[in-house]
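A, B, C and D are the chain letters, set down in written order, and residue numbers restart from 1 in every chain.
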Amino acid sequence: MSSMNDKLNEIMLMAGQFTFSEITKRQFSVNIKSSGLLSVLGLFRQKGFTHLSLITGIDRLNDEKFEVVYTLFCWESGETILVSTLVDRKTPVLPTIMEMWPVARFYERDVHEFFGIVFDGNPDLKPLILENWSEIPPMRKDFDPHKYSKEHFPDRKYNADFLPEGGGEDE
Amino acid sequence: MLFAIFYMLDKLGSIDFSTVATRIESATVEVQLVILISLGVMVLAKMGVFPLHIWLRGSHSSAPDEFSPILSGALTKIGAFLLFTITAALPSFRIFSQLPVFNGIPMVNYTFALLGGISIVVGTVMAIRMEDAKELIAFSTVSNSGYIVMALSIGGTYATAGGLMHVLNHAMASAAMFMAIAAVAYRTGTTKMHEMGGLILKMPVTFATYLVAIISVAGIPPTSGFVSKWLIYQQLVQNGLPFLAFAAFFGSIGSFMYVFKPLAGIFLGQLKPQHRNLKEVPLVMVVPMAILTLLTVFWGMLPSNAIKTINAVTASVGINAVEVTFSRIVALTGEWDSILVTTVFAIGFFISLFIFMRAKKARQVDLMDNYTAGDFLYTSELYHFSYRMYRPFDRLFEKWPSMEDWLSSLSDKIKELGALLKAIFYPANPQLYIGLAMVAIIGTFWWLR
Amino acid sequence: MIITILSAIALLILAFAYTVTLEGIARKIEARIHRRCGPPFWQNFIDIFKSLTKHSISHGFIFDFGVLMALGGTIATVLFIPAGNLVVFPGLDNVFVIIYLLAIGLLGMAMSAVGSGNPNASIGIGRALTQMLGYELPFMIVLLGVFFHFRTSSLSELAVLQNSGGTYNVLIMPIGAVVGFVSLMGMLGKKPFDTFIAPAEIASGPLVEYSGKYLGLLMTQHAFGTFIEIGLFVNLFLGGGKTIWEFLLKFFLVYFLAVIISSIMPRFRVEQAVKFYWKWPLILSFIQVVIVVFIMGRRV
Amino acid sequence: MNNEQTAWERVANMLRARSLWMLYYCTGCGAIELPPTMTARFDMERFGIGPMATPRQADILLVTGYLSTKTLRRVIYSYEQMQAPKYIVGFGSCTINGGIYYDSYATINRLDLYVPVDLYLAGCMPRPEAIVNGFKNLMDKIDQGEATGWKDYEANYEWYRKNQIDALGEVYIHDEFHE
């Protein structure tokens, strides 16, 4: 625990305004402004958090924001830190971190495909998993998967007499 | 070799084989030993047997394609002729009878047989690890000449007949193999096995020739290769020689492995895109291959007339003949009937053909539509597995000392010695050179006076 | 002439029926070892005839020709195996002929498997040939001792000699019999040595591209192959039996022992199998041969 | 169904029913139900049902669970590699009507639009007893000669192919991960 505090004091000076919370004895999360993202991640990297295990996105529809979470892991102390930033939903642009972690290229490509967040500096933001996909990025909350599934993958029509009148087929 | 001839002239007064044969018995043991050992070394070198088998790989693989069949088919067999004269014509058994005898075979013959055995094993192991088809067949020549040396040096009715028959079979089989590879190289320009594949569609006759040739080298019944190996085995069993038998069995089972590798690498599997518009080899190359194939199968089914001629040869040297009826070969420990074996095989083939025809007709599918664990594959080159086919087997022999490096380091040392001598005796300025020459001439005159 | 044809047909039917039922019983034995009740013993017949009724695909001429050559070669070899007093070719069943005729089957199968163009099949065939080099050597060395001792290499004569002399080879040459049995396990491709048809690693090796009737033909070839190898072992080491029933009983005992051992053994890698065969069985076979050739000498 | 089979057809069906070979290809979460059905307690092998390594040798293709578009391609490819009297068994509600993934953008909802299914096993992964009972039904259907899914796959191949193209875009895909 103590090692965590002194690391934080240094970063606090760097990042300026941030919120810190402790999830478990070894897991912490930090929310910082997107402008200080690269410097904070670099600092964490020097402090031993050398392993970038995941970049993932959360769609905060009601307050028009995307939250991008970088999960870092430190092998020596076994601690995990979730560094998250908020980015505007209309123009979601974040700097790439490929120089620090080359593997980020695929995570960023994945987040771009499923949320539409652009990471400038990442050379190939091609689609990764989805094939001939013409809709809006599927992980966004305003995308309706049920409608998509109904259109593309027809299912079985059967007159289910055992259903109560109200809850019948929502056709 | 030359030394042996002059030595014979000096000691026995003539180099005509029959007179030498009679006179050699009376000569002292040292004389006999010197003559036969020196001739024996020539045999080993010429046939590429164990200690002196390095040149075979280089010469056979780099020889021009059309010449290597003659090289391996005919030239190495001259060594066999000389070996036959040493062991059979000059009565080696009677001469060396007073030397320590191992299981009925005099020590000198047994060492030759042992060298033959080792060369079978070395030839087989090296052939399995080769990547170039011609080098592979070169090592198969090493292995098969090991058979010939072992058979002839054991002596006895069946081994000599088997050895001579093996000379015939191996000459035909390895010539056919080299011709097939030459035909393939003529068309595709390479003899590396993994750069080719699926040539059976384009060159069926070459494939048929190669198939019959490897069945003969592997020693499988309907072809003549089996006859000679069977005779050699009869003699081995008769005399009870376990270590030589081990080498013989190792060679015949191992030959399945290395003969199959070019068949799979070159002829079967997916066709490489650049070989798509290949055509069969012109008629002038096909005819010799076809003749050799027919001969191998003919003598495989009817070994009796081949053995009759061999009996005539061995009779002239005083070794009793192998009893053979029209289709049956009788040996002390058993007999077999070649016509019967082939007819039974044909019957079995037709039974399975009958069942095959009765069942539903199979749908023809090309070689790219294969089980790929559900994945889609579009590049044919990656799919043809022929590079280092026996990888587990290679790993067994990885750490063994390689004969070639040892000998090449030896040859480098000799070259340095030569350079040193040259520097001493051939100085740059002519005066010293002439002076030395004068001294040499005077010296010889003084010695010869 | 007629007798040989009739006895040949009888031997073929006996070989097919007996071995396939035995394979069914073997599956039942394995099931019992796994504490489950297992399929009916005629299950293998159903499998073979079902495969023959199915449609199938073919990868060209060599794919078909290889399978026919394999089955033809194996059928030809079965006729040379004496079963008790049912001997088709009395004097001519030489063991070397049998072993090399069996090689036709293997070569035919190898050609057609590699002809199918599937890398799994080529890897499987490479492993099969490597392993064959492993298990054939000790077997052949021991055979050398047997032939030297009995002065004959014809199978039926060997059987007769053992019966008349009263002592089976197992008793005279126990080490040879053990080596023979271990290499028999290799020949049959039973569990410790079945790397070449490893279902999990290379999708049943050479059999990967065979469907429908090819599979039926190859299963009959496997049945005949089993009959040949175990028949060879029984005739060489257990005296081959004066009547057919005695031969079949010994056949069953040997097969039963092989199945029991194989159902509890894991699988060797190929070079481990070859190393194993060249270590203990080869040394034992040399010891056996040296004893026979230099100490026991020929049969009086 | 027209079940006046010829004598030979009847024998062939009887053989096929008694010896079904199952393909080792487990597509979804149902595969975990198969080991208990094969081992000591339920022992599928007593009906002659056993696992086979390649589609060439197999008779039944078990679709055990949800089918994403990528897996459906492999199922179709393996199905076409299998040999003629072949049957498909759909495990669980995901193959019947989408199951819990009914509203997912990646999984198909109804299997028999794309490949002919001979037998459905209800349950969000049927237990081994249900699987053994299902196989018994399949064996009876084969005996009567009614399990002819493969025949109508060949008959109306275009219809199946159209459905497949609608759902997948292309079945034999070239550049799936956009290298």
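We take it that a residue touches a chain if its C-beta (ideal position, glycine included) is under 8 Å from a C-beta of that chain, and two chains touch if they have at least 3 such contacts.
Just so you know, these numbers come straight off a predicted model, no measurement behind them.
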Chain occupying the most central position, where position means C-alpha average: C
Separation of mean Cα positions, chain D and chain A [Å, integer]: 38
Between chain A and chain B, centroid-to-centroid distance (C-alpha), Å: 70
Centroid distance [mean C-alpha coordinates] between chain D and chain B, Å: 56
Chain B residues counted as touching two or more neighbouring chains: 360, 369, 371
Residues within chain C bordering two or more other chains: 53-57, 203, 208-209, 212
Touching two or more other chains - residues of chain D: 54, 56, 84, 173
All chain pairs that touch each other: A-D, B-C, B-D, C-D
Of all residues in chain D, those that touch chain B in their complex: 25, 54-56, 74, 77-78, 81, 84, 172-174
For the chain B and chain D complex, residues of the former touching the latter: 360, 369, 371, 374-376, 378
Residues of chain D touching chain A in the complex: 69, 96-98, 102-105, 107-110, 113, 166-169, 173, 176-178
Complex interface listing, chain D residues touching chain C: 12, 15-16, 18-19, 24, 39-41, 43, 45-48, 51-54, 56-57, 59, 83-85
Residue ranges of chain B touching chain C (in the complex, touch as defined): 103, 198, 200-201, 211, 215, 218-222, 226, 230, 233-234, 236-237, 240, 242, 245-246, 249-250, 252-254, 256-257, 260, 263-264, 268-270, 328, 332-337, 340-341, 344-353, 355-356, 359-360, 362-371, 373, 383-386, 389-393, 395-396
